[in-house]
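Across the two complexes that follow, chain A remains constant while its partner is chain B and subsequently chain C.
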Partner chain A sequence: MKELLETILSPAFGYAILRVTTPILFAGLGAAVTELAGVINIGMEGIMLTAALAGVIVGALCESAAAGLAAAVAAGVLMALVMAYFSLNLKTDIILAGIALNLMASGGTVFLLYVVAHDKGVSSSLASPVLPQVRIPVIDQIPVLGEILSNHNVMVYVALLSVLVVSYFLYRTPYGLRLRAVGENPDAADSVGISVHQVQYVALIISGILGGFGGAHLSMGYVSWFARDMTAGRGFIGIAAQALGGQTPIGTLLASLFFGMTDALSNFMHFIGIPSEFVQMLPYLATVVALALYARRQVTRRARLARVNRPVEAGTGAAAEGD
Partner chain B sequence: MNGTTRTTDYLFQVYRTLIAVFLALVLGFVITCFVSEMPLEAFGNFLLGPLTSVRRFGNVIEAAIPLVFTGLAVAIVFQASQFNIGAEGQFFMGAVAAVIVGIVLPLPGVIHVLVCLAAAMAAGALCGWIPGVLKARLGASELVSSLMLNYVYFRLGVYVINYHFRDKEAGALVSWPVRETSWLHQFLQPTRIHWGILVVAAAVVFVYLFLYRTRWGYALRMTGLNINFARYAGISTASVIVYSQVLGGAIAGLGGAVEMLGIHRRFIWMMMPGYGWDGIIVAILARNNPLGVVLGALFLAYMRTGADIMARMTDVSAEMVTVIQGVMILLVTAQAFLAGWRHRIVVREATRRKEVPQSEGAA
Partner chain C sequence: MNALLEMKRITKVYPNGVVANQSVDFSVARGEIHALVGENGAGKTTLMKVLFGLERADEGEVFYKGEKVDITSPSVAISHGIGMVHQHFMLVPSLTVAENVVLGLEPRRGISLDVKAAVRRTEELAEEYSLPVDAAARVEDIPVGMRQKVEILKALLRGAELLVLDEPTAVLTPQETVELFAALRNLRERGHTIIFISHKLREVKEISDRVTVMRNGRVVGVVRTAEATEADISRMMVGREVVFRVEKPPATPGRPVMRVEDLRLVTDAGKEVLKGVSFVVRRGEILGVAGVEGNGQTELVEILTGLRPPSGGRVLVDGEDVTGADPGTIRRCGVSHIPEDRMTYGAAAEATIRENLIADRCWSKRFNPRVLMSLKVVAEHGDALVREYDIRARSSATPVKMLSGGNIQKVVVARELSADPKVIVANQPNRGIDVGATEFIHRKLIEKRSSGVGVLLVSADLNEVMSLSDRLLVLYGGEVVALFPDASEVTEEELGLYMLGVKRMTPEEMAGAEAASAGGRADPSDAEARSPAVGGGAR
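Let's look at the complex of A and B:
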């Protein structure tokens, strides 16, 4: 018990939480943007995985972390575009398109890795660069906070910054309003001249960029190599995080931190005799419970609205007939 | 009249599926040409390898058996226009339940097998019931809930096996072996084809009869076609949603049990094996028809076996096949793919049909 408390209260634990939260947060933000635009992006997993491999390969070829990062983002966007083209132009069910993308990424990356590095497991034979760590000037000097917040690789800060940027984009720009309008009611948005198609393309591209960042963090920051299926469900956890966080960037951040914390915590629970499996189960159970509670609230609210609106609806109906 | 339109549509769907499969294979060949020094040999092994020996063809059948179960499980739920990503977890828990019963209970031969299968079906059904009820009662997305529950079931299963049934003398993280009385015996040397094949056949026939010959199956399909129409027609769509998920769960759980008792005989999965996702591919290829599921599963298993042979014999790795599978899903499910062609067929038929009464009228 004492060991557990010591671990949890140490700054290193806070540092670890931020590190494991980052890829979940990227995936969550990307999924939140698409969800708000009315398209569900199950393909986050595949987008991140492809980006992670692209970052390692191009980074190693160009001997530059910046080139690797650019390639990761480009790969993420490319995957998102494939998904957008099939689901929006060719009318493939977007969920099935996402599943197909994940499948192709899972096998395709191993295939490519074998072609490039002649290894099916990890890319350790490639000398791939890592993203720089950032020492934050003032905060670095503060005792505990500095140890938690400073000295992360640059993507951790990009993730935190993305929360603000995505928030601003969604709630403070005209395009963000349009995007949310499309998700709320595509027909209504269409009737006022918003191109639903274009908005959903943009939303998917944004999720591709964020997924690209997430992938780069995994293979060029979190560790310095690519391993098969290294996303390990983080794309799906991101989808859970945005569901738990009610599709808002801040909510997604909090939910991602919760997921990150249970992930970091699960390694220490055996100290107090709780199997780590139960701790690892927690975020998923929480998501299901939150989903159920949220849906229940919607049901009661809709029922109340229906009761309140009934006389009004009857009135407008009569008026319409009168016209 | 309606009949001909439906036949045309059905034929069109079949053609489109075949064209999608063909295009995906062509893409696979192009990729092979890029990466291999012996592309023809590699692709030849991929396409024809499984036919070259009894053992290899046996591998196809063995690999198809679990795919039929998850394919059926997904197809049932898809037919009700519900999503099912939960087959993965249901299959997993079915396997866990079967292994526990297989280890713990001392029962005589055939009865032991039946009890294992029943336990697995109950476990799978329970796993499917949760997303079904959440959707039917509260309208909570079954997609997200079943996706999340997969992880819950996975951790739960790993916990149960690791903490209570782990064989500490074995080198890897595996359970004790199940009692021999619970085995589904392999009867066709040199393959590993086992009596689970009878269970597969029973499951296919049952699902077919259920969907097309019972009122519950009819209600399920009506709900899938148009949930509002079904509701106005007096069908309890909420209960349809629940029982489609429960039945799907039971079939997926059964599949987990058959795979355990027929092939592995002890619990070996410390990662999610992925059969639930494969089931989605199979159901898509089969267009949710239970008889088509058998063909879809055999086809997928054939491709996988071919890919393994290709990887063993040549310089192309087996993962190439996942790209082919992905393209296949994308094209088969693309509503707009070849839609122009379909439109022309429908128009041609409509004009032809219109001409007949007109000529009669003229006469």
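Let's look at the complex of A and C:
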């Protein structure tokens, strides 16, 4: 027990939490934006996975981490556009489109990996670059805080910055207002001339960019190679995080930190004899709980919309009224 | 007269063949409050949908400010200066009042939304038109009356000179209605023109300058409000059509089979929809419930059939208390239900006729002789009912969605009437179906009533309710305002006055009517059913 406490209280543990939280946070922010626009992005897992591979391959070919990052973001946006085209233009159920995207990414990345690196498991034969680590000038000198906050790869800071940027976008810009209106009552948005279609496209593209960042962090920062299915459910955990966080960027950050902590804990647990498999289960268990909360919220939201806009329950009569 | 809007020879036929507007001429003068009245289905809403670009007219022209305009979408209507406040609000609950008002026209500061400017703009507009709102409050937290003001402000911000309000008072308390009317008069003084859709004649009389009355898709008259009485307008709305009387043998009512006591319903929004409704349905009679739609009929039927629990009061079926019971339990007590919306509550569109016909009895031993369902018995049962109820289909294996409205209704009626009910609750049984099917269903209902079943017939169609009913009550504003012991002695005009709230009976008059209908028939079983203790014991 003493060992566990020592571990948890060590700066290294705090450092690990931030590192593992980052991909969840990117996925969560992306999912929050789409969810607020009324199109839940179930394909986040596939977006991150594809982006992770694209970053490794292009990074290795160009021998440039920046090129790798750009490729990861481009791949993320491309996947999001595929999702948008299927769900918004062709009117496929977005859940099914997302599942298809995830399965395609899972198989497709292995195929591409084999073509490029002649390996079906990991990309270690490719000399892929990693994103730079950042030493934060002043904070670096502070004893514990510096150890926790400094010397991460650049995506960790991009993620934290994204919380602020996404917050500003959603709650301080006209487009953010429209996006939230579209998600909550598309009829209202439509009635004042806002294109619901366009807003939802933009939301999915934003989630593609964030997912691209998340993928790049995984294969070019967290580790320096791509491994099959390396996202390991982080896209879904991100979706759960935004649900648990009530779709706000700050809430998503807190929920992501919670999931990140359970994840980091599992890496330390086996020291004290608790099977790490048990602790590794926790993020997923928490996900199930969060998704249940999410379902509840959907119900209350629909009820609220009906209550506010249809004060007299005109019942079936109004619907059938053809006059 | 300086006409702001002229709609000429507007004809609209819906794909299902319903003629909603037939060569309608409608003209509104600049700066007036013009009431558009008519019963449900008269074509008011369709006409306004054409004006606002939500429906395309098949024929006719629209002139606005003297010029011919082609309004293809709501955005086009808005750009011309036509605004509409729908009966169902178009608001985003979690956003503030100001955010809702400026949505789509947001003031900016750099790349940011200028929240202060939005609030200021909203407050200025609210001040200018005396429509006080709390600009910083979230829409979900403000009362209904204020939400409506937000909708009006939205239209005004977009430059609406002509405002269409679709039954704006339906959602308001009396106090809020007073405020709304003050605001509308103020708008008129500022040169705005208002089209006010309603079927509440008292309000029409109070607020409007002129009235256009529609009936059956046509305009039947335009009058200056000051020159017409409520009764005049009511007569125009209801019309003097010849009542199509159904041949029926005299009723021989027996003991009460359904008893409704002091039924109350308050919605989540706090609106009283039913305010203590009581009545009795006897064996072997058809009790008609007349009333303009939206006066509590839908909710009453939902409570009686178990689709919604009441806030207070009791429902007894054959002495058994079924208040708030689920639909299955109520059905097992002998209540059949012909719902007003057959595609939602009446039939499963994708399922076949024979499957729909066993929906309420698929568990019975008859269809499940051993382990599995006997498709042969299901088919025989379906074929027999298809023949008996003259359902026009290739076979009973045809999916219901392939049928016409009248035949779908016959499927529902066949199932409900063949369930061996003690009482049938029929809500708008002839809505949207052809004359032949209507007549057939009426005949079947009378047959059932003559064999001793109690029928509660809810209908906004005067012809239907007057020709079928033995006794008749009128529902207005969630209350029983009239009770006629003999439906054949009521004239349409008289009924219209009660339906529109112009007249109402005193409780004593109604008690007298009740006594008259029960006179000389006070058999002991009636007294028995009155006692809940006995009813409870019978369970």
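FYI, the second predicted complex is superposed on the first by the 267 of 323 C-alpha atoms of A that agree within 3 Å, B and C clash if a C-alpha of one lies under 4 Å from a C-alpha of the other, contacts with A are read in each partner's own complex, and residues count from 1 in each chain.
In this text, contacts are C-beta pairs under 8 Å (C-beta built on N, C-alpha and C of every residue); 3 or more make two chains touch, one makes a residue touch a chain.
Here the structure is a predicted model, which means the values were calculated and not measured.
Once the two complexes are overlaid on the shared chain, A:Q280 sits against chain B while remaining clear of chain C. Set against each other, chain B and chain C differ in how many residues of chain A they touch, and the higher count belongs to B.
Once chain A of one complex is fitted onto chain A of the other, the partner contacts of A:V134 are absent, as it touches neither chain B nor chain C. Once chain A of one complex is fitted onto chain A of the other, the partner contacts of A:R180 are limited to chain C, with no touch recorded for chain B. In the superposition on chain A, contact is made by A:V308 with chain C only, not with chain B.
Applying the stated contact rule after C-alpha superposition, one finds that A:S191 touches chain C and leaves chain B untouched. In the overlay built on the shared chain, the residue A:A67 is in contact with neither chain B nor chain C.
Touch criterion not met for A:V122: it reaches neither chain B nor chain C. Once the two complexes are laid over each other on the shared chain, residue contacts for A:L78 go to neither chain B nor chain C. On chain A, the surface touched by chain B in one complex and the surface touched by chain C in the other have no residue in common. Within the complex, the chain A residues that touch chain C are 172-174, 176-178, 180-181, 184-185, 187-189, 191-194, 304-305, 307-323. Only residues 35, 83, 130, 134, 138-141, 143-145, 147-149, 151-152, 155-156, 158-159, 162-163, 277, 280-281, 284, 317, 319-323, 325-327, 329-330, 333-337, 339 of chain B touch chain A when the two sit together in their complex. On the side of chain A, the complex with chain B involves touching residues 40, 86, 89-93, 95-97, 99-104, 106-108, 110-111, 114-115, 120, 233, 236, 239-240, 243, 275, 277-278, 280-281, 284-285, 287-288, 291-292, 294-296, 298-299. Those residues of chain C that touch chain A in the shared complex are 14, 16, 18, 20, 40-46, 74-75, 78, 87-95, 99-100, 103-106, 108, 111-113, 139-140, 144, 147, 154, 158, 170-171, 267-269, 271, 273, 293-294, 297-299, 302, 339-341, 344-345, 428, 431-432.
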